[in-house]
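Next up, some structures in structure tokens.
Look at the two complexes coming up: chain A is in both, with chain B in one and chain C in the other.
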Partner chain A sequence: MSYDYDDDRTLRERIEANPRPALVWLAGLAVLLALELGRVARAIVYIGSLTRGFLGGAAGVPGTVADNVAGSLGGAAGIVGAAITALLLLAVAAVLIKWLFVPVSLVNRLGLDTGEGRDEIIERGLITVALAVVAALVVFTPVGAALEAAIGWLTDALESAGTIQTLTQRDTIPNQGYRTPGGGWEGTFLGLSPAVAWAIRVFVIYAYSFVVAAWLWKGYEVFREHYREADWTPRDDSINRFRTHYWGIFGLAMVFAFVVMAIFAPSLGPVTAEANLYSPYEYEFQYLEGGELQTVTQGDANLASRSQGGSDNVGPLSYDQYDRWHPAGTNQDGKDLFTFLMYGARTSLVIGLTSIGLATAIASALSMITAYYKGLVDVLTVVASDTIISIPAFLLILLLNVLFAEADHPIMDIYNGGFLLALILAGVYWPGLWRSIRGPSLQVASEEWVDAAKSYGQSPGMTMRKHMSPYILTYIMIYASLMLGAVIIVTAALSFLGLGISPPTPEWGRAVSEGRQYISGSSWHISTIPGIMIVFVVTGFNALGDGIRDAIDPESEAGDASADAAATGGGA
Partner chain B sequence: MSRWRYFFKRLVLMVPVLFLVMTLIFVALRMGPLDPVAAILGPEGTGGDAQAIRESLGLDQPLWQQYVEFIIGLLTFNFGQSWVIQPGRTVTELVGIYGPRTLWLGFWSILLPLFVGIPLGFYAGLNPNSWGDYVASFGGIVWLAMPNFWLAIMLLAVLRQTAGGAGPLGFDWYTFGPNVESLIGTPPLDFLGTTWGSLGPLPIPTGFDPDLGELLVAIKVILPPALVLGSASMAAELRIGRTAFLETINSNYVETARAKGLSGRVIVWKHVFRNALIPLVPIITNEAILLIGGSVIVETIFGINGLGALFFNAAVQADLPLAGALIFIFTIITIGLNIVQDLLYTILDPRVGYDQQ
Partner chain C sequence: MSQEPVETTFTEPGADEDVMVEVRDLRTYYGGDSMFGGPPVKAVDGVSFDIKRGETLGLVGESGCGKTTLGRTLVQLESATGGEVLFDGTDVTELSGKQLKQWRRNSQIVFQDPDSSLNDRMTVGEIVREPLDVHDVGTPRERRQQVRELLDTVGLQREHYYRYPHQFSGGQRQRIGIARTLTLEPDFIVLDEPVSALDVSVQAEVINLLEDLQEEFGLTYLFIAHDLSVVRHICDRVAVMYLGNIMELGPTEELFADPANPYTHSLLSAIPEPDPTSDSDRITLYGTPPNPRHPPSGCPFSTRCPVRIRPDEFAHLDDELWTAINTLREVLRERERADRTTTDRIRELLGRESRFGTIDGIYEEVFGDVTVPPEVEEPLDEAADHVRAGDEASALEVLFEAFGAVCEAEAPDYYTVGDTDRESFCHRHGDEYRSPAEVLDERHG
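Our next item is the complex of A and B:
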């Protein structure tokens, strides 16, 4: 428990002084990434194309403004409007870039110190100017073409890297094959049966994910042991408490299993969603019938492998008549239920993370602002949050969702309504989050260190970011975890009612709904298995929330009304 | 701040909240993405019809005038007429028909968990860290994580299996107690045999002719949906009940009572039980709020023609005035319950207002 006050080396200097542990860890990470090089490259290309699309959209905004303004006020006004819009966009980008990428204070470097809290504004102004210069260079000079060429070359390189086979890819351990007349299997991994090949692949995927997670944890430990400034921080105690909190660890394991399902959905299913769920008539496969190989499309085969009770049934852990392996049986259309569930996990996770991420951002920003300034801002936020809380959440979500769906709003097309649902959920759930962290934020706002920062002349934004947010963010994690469970239930409940995520995007609640009429017969699995998965995942998130709470604050009460209400998703 | 001042401050805050809620509903319904006329006519509505409807609904008036009329309508409980589901009938009339079924469901789904969740929670608190405690606590957590819609169809499947005495020990839900033909459906609520007279515009009961058989049928039909709807509250009551019990039993005044030589039974019933009930107050009111959201799903699955099912149909078929009015009524109930909760808290627990800001 020592702290060397004179030691103010940066992390880079610390690593330079003792590079061995860091290099060992990095080498390990490089090996792990190399195993999945293709997947990583594909992810980078995907994120790159998303960013490009976003930047392209943003770059089009000044032009649109120019057209609109010019239409009503004349050409010169249009140019001015475009310039102002472009400057505003650049200023927003500057704030982001300063926050994310510029670790040093330009003001100090350039000796422009004026004090009085104007530093930040000058700082952002400088970055905005730099950005404007870069943007002008890209748009008006040949530099743009050169940049375009460089990006194209990089994309090509990444795309060719993306074709490299990876450890967890389907083709590495294929499970789709056909029976040979001799009694063996052709086309599967080492000639094993599809069931065994599939099980091996699932095992490999989970083993790989576990190793990656463990190695990341190891990285934190290396940092803590060799490179961290302080020997001990209060967070170490929290982590040690969590390590012996078996209920919380159970929750973490459940959440981990769920997240891996979502990330590796294409590899985990016995078939791909594209081939079996979305366009089954465009994909063919071979099977053995009467000693001869036949070819059939997935769609035709699905027609004969439907689970509709009675003798029409392909139950869990069984083969259908085309020797296709179904770990969770088939659904009422003969499609593979396990594949559906894996992609459904992805849908749930994307919606959950988007909505709770947004809600957490709103709630934590507001909680800091209200706790810091109090007064009118506080009252307004109380009224706004009380308003949203007093409307029954599930009804509000349902009504808003229907309004947009009936009007055929273009936003419904993004992710088959998932994006809209995430926005609605974020709008409905931030007040609950804000309320649950209100106590801790008021408490931290009255701490001496915040007072000290104020009297030291630190700007309010900086005080909130540096001195209040670490404390608040750990608290908000508890409730975010509980709310994620609620969001999963609400999303499933909406698709159970035929709203929310529209077909064909898989969603667990829709499987429950579609299997309803067969539940008493032999095809009980269609409704039962997705429901059990929801129970496990939601229990996992609840347990994780409990674990985090006990780790942060061991003396806190074991439960409170708002948290429990949150965890049930408003009665859904 | 004195606790009564705190209570009145909360009460006053409810006024802007109520107005904001009404504004929100107005914005969503009149200025939202869905054109009310298109909602009535469908996308193929012709120009003339659309214009006629627009005029008859007052949609051609300036927006502020529509807003004022809308707010006045809501405040005077004059919600207008249904557009799509039952055109021509007023919303108030519909609520009068559908409301009692939801009340009956809500009554039982508050009552059932009270008599299961709290005793189990106190039992777990009385025997902490025993197997019984673990089973009860773990069961409560899993029970809480079960989505109502899934639980409902599972319960229906299980009960359906018992048809013809196929259940364990020849149990048959259909013939258990009074006979029922079907598991789903609206419970018969005329068991009171009430005859209605009228006193001005208000209907008043003038006579009762209770029918015990009908009552039993009504209870039997409502039990499975009430069990599902109350499931989350049951689990919450169990958890909070356990914690409250443990906290109370370890407090100083219980120690004192023990030192005084009071018997265990007196301590538990007189000193622990009553104080442990205080933290359960918000759970029970919160539960009532949860029931409103849950009633949509449970009523849809169990085929009960209540307010929840009515709201669902109104929303899905874009019957905007009906859906808006129902959501407003539900919000009023929620706000009322919150006030009741604050009031109960103020009376029961003198610490409120000092501790909780």
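Our next item is the complex of A and C:
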């Protein structure tokens, strides 16, 4: 049958056979990326430098060990120690590489079958040797220098690309300018007023983000229509249900707005955080006073534009006396509240994603392991999670936070305590997540397809990944989105109490806290606007969670009591 | 089916002795390994039988008799508590790791529920291909090709490769499950009630498919079922299971036509007779199957057997009275095992009625409308005294001394019955007793 041949093609072959839709889509994507080439290049350079730093650190370990051992046991021992450490590191890397990148059994392919269950070890050994050869080539031969040169050249290229102006950059549509004596504006976009210029920039940023999101969605549709082998998947039904779930779409819109805020924070504010929040006395600007151009630092200007109730107030959507535009007014220190909020979104998102990501990883791994093996590992996990749950979560977070802060632990310095907070939150919230998905995971572990996998010799790890995780991940997505709201509230609450993220890193809760004494006066906006934003974002995440739940599980809409109870049990 | 002579080799007389699976005193217990779990559930309690190459061995019995556990133990989905399962001479209960994984290619299982045995999130192709991926057979392209051919073989279409299980009916889903078991070209397949979840009209199609596949690939089946007519149709030999034991095992036609074991008798009498004028008598078993955590001593069927051996001195008692005595013993056994709560104990101390009821109440209920002769009355009264003292064990002892017989005292042997090598697990096949059929005729007319 010729049909057979047609049907048995890889994705690449299918695209080659009908390249038009894919090319059109790719062209669109290229245009969108070209508009933001500079930003993309900077992001790549940044990720590259992080990776390089990590690899460099790992590569430095054998040297450190060599120095330490050589100091106490002599030079030869140092070399041996370094070699052993290097091998250990490579072995760890081999396990990771085997897991991530090598889907086939090398032993079977090379015919090295020994039959004694040593395959895994031999396999890892082979990869370790291969890695060692590569590492030795890099370190001891000119290959290393060539590689270094190639990376350096690439970095340079990317860095020069990073200087290209992008569509959503501040400089493209500048809003910081001064009034001219003639009544116009100098330095702003097309001579428009700062308010209008800023509004245009915000609009452009959101429009661009929306187009990118829509285009990615379009890509999925192109794939679905032209290249996917299956003409229907269970996911299609879920997506169709979500499309008519308006509460869920509202949530998605809120979350989208929030994420865009976090990503484009530097461009969204009328002024940068560096200039207005972190080092206000190092940045100067010009303004018109009495027909003369004056120069003043941001810090000095802030002092004169504080919002402290009464007549000292710069409210939302107003200019201060230096003709700076404040879309959300200023705070009690005269800093721009809108800029503060945009960067605060970034803080919240980073902490939320880090902590929930970690908690989700722990919870899903444990839930699958406990559901699959049961027995002792299950009992231990129950005891551990019950122990953590039995302590009031907020108290525990406070306690740990104060403990690390008082001890002045170096981990406090990362992201002004944000990283520590994320770790603490992950440690406190994984038991709740694990509990919420325990039912579904026990259920899926008792499905016959798990038995079937065992009956033809599938390994436990692969069984969990292939046959259990798809079911658990959909559930955990619901609870994670609900809990992300809880994390944002807890972070804000901690800042409100003066703990957690320390100043000057912007955090919404701190704004609520600092503005609360002015709430009854003219400076009501300092507390109110961040408070409302917290409400909207948290509601948005909850609505999204509801939407995902109803989309995945059509029965829950019909008022299935157990599904409802399960879905609401995991909230804050 | 083809008529070529080659196809008939499986039924040649010489092939009869070609034993593929030997099961020896196999036991599978659940629980019981923990400190607080109490005695284990004896799901499979010492079974031995052979499966010959190319045959279909049926395994029948009521729900909970351990037939599914036996099937799952044979393919090593449950680990055996004791005994051996020899596949071509290798004890597979001892295998582990890579050897177990290699062996699994030879024996597969088809599950009962086609809704639960297929992962809904994978396409049919992925489901059927997974065993090939696990054992790293051929190149990906070859695997896909092989899966398509298999889909063809089990009566699906090749283009179903990229469909999802949702899109199929129950019968089609079971075909997918069957295709998956065939991917590794096994010799032996356990069919765990493969058609009981399907519509009757679809059952026949799947049964025919299984028969065709057996012919085509020379498969050996263990067919687990509770539908006796299906078993009669497809199986070469049948094993009848009750409470973890095999009660009777023999060639299908002979076993159905002339059952030897009392349990087989009662099981077969449960098949509905389509002829309304038929005068065949249904044997009603009293009570429920015993708890496999506390199986009866002696013969597993002794608590409900319609032809239980009775002591000679009570041979003249009528059946109604025997039923009452059996009920009483059953009640006392339950009481003995039941945990008394503190409240129960206090109520008993205060002379108040606990939820267990008094022995007088029980006697009233059980013996209310039967006449009890004095020689029977005596042990009953003695037992009642023990129960009043809270000692059910002694009461049961008294009743056993009076009314018990070899059935409860010791486990029977397997007797060879009939013309072929049929085996039955019943004391009544011994020379000193009358045969089950004879007694059954007498007691149940």
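Please note the rule applied: the second predicted complex is superposed on the first by the 493 of 572 C-alpha atoms of A that agree within 3 Å, B and C clash if a C-alpha of one lies under 4 Å from a C-alpha of the other, contacts with A are read in each partner's own complex, and residues count from 1 in each chain.
Quick note on the criterion: a residue touches a chain if its C-beta (ideal position, glycine included) is under 8 Å from a C-beta of that chain, and two chains touch if they have at least 3 such contacts.
Worth saying up front: this structure is predicted, and the values here are computed from it rather than measured.
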Can A:V383 be said to touch chain B (first), chain C (second), both, or neither? first
Under the stated touch criterion, which partner chain does A:A301 make contact with: chain B (first), chain C (second), both, or neither? neither
Could you say whether A:L90 touches chain B, chain C, both of them, or neither, answering first, second, both or neither? neither
Between chain B (first) and chain C (second), which, if any, makes contact with A:L400: first, second, both or neither? first
Mind working out whether A:Y471 is in touch with chain B, chain C, both or neither, as first, second, both or neither? second
Looking at A:K454, would you say it contacts chain B, chain C, both, or neither? Reply first, second, both or neither. second
Name the contact category of A:G531: first (chain B only), second (chain C only), both, or neither. first
Partner chain(s) touched by A:I552 [first = chain B, second = chain C, both, neither]: neither
Going by the contact rule at the top, pick out the chain A residues touching chain C in the complex. 1, 3-4, 7-8, 104-105, 108, 115-117, 119, 229-234, 447-449, 451-459, 462, 466-467, 470-471
Complex contact set, residues of chain A against chain B: 382-384, 386-387, 390-396, 398-400, 402-404, 406-407, 409, 438-439, 442, 485, 489, 492-493, 496-499, 509, 512-513, 516, 519-520, 524, 527-528, 530-531, 534-536, 538-539, 542-543, 557-562, 564-565, 567-572
Chain C to chain A touching residues, read off their complex: 72, 75-77, 97-101, 104-105, 108-109, 111-113, 116-123, 130-131, 134-136, 141, 144-145, 148, 158-159, 161-164, 166-167, 177, 180, 183-184
Taking the touch rule as given, give the residues of chain B at its contact with chain A in the complex, in rising order. 13-14, 16-17, 20-21, 24, 28-29, 32-35, 38-39, 141-142, 144-150, 153-154, 156-157, 160-161, 229, 232, 235-236, 239-240, 242-243, 247, 282-283, 286, 289-297, 300, 311-312, 315-316, 318, 323, 326-327, 330-331, 334-335, 338, 356-357
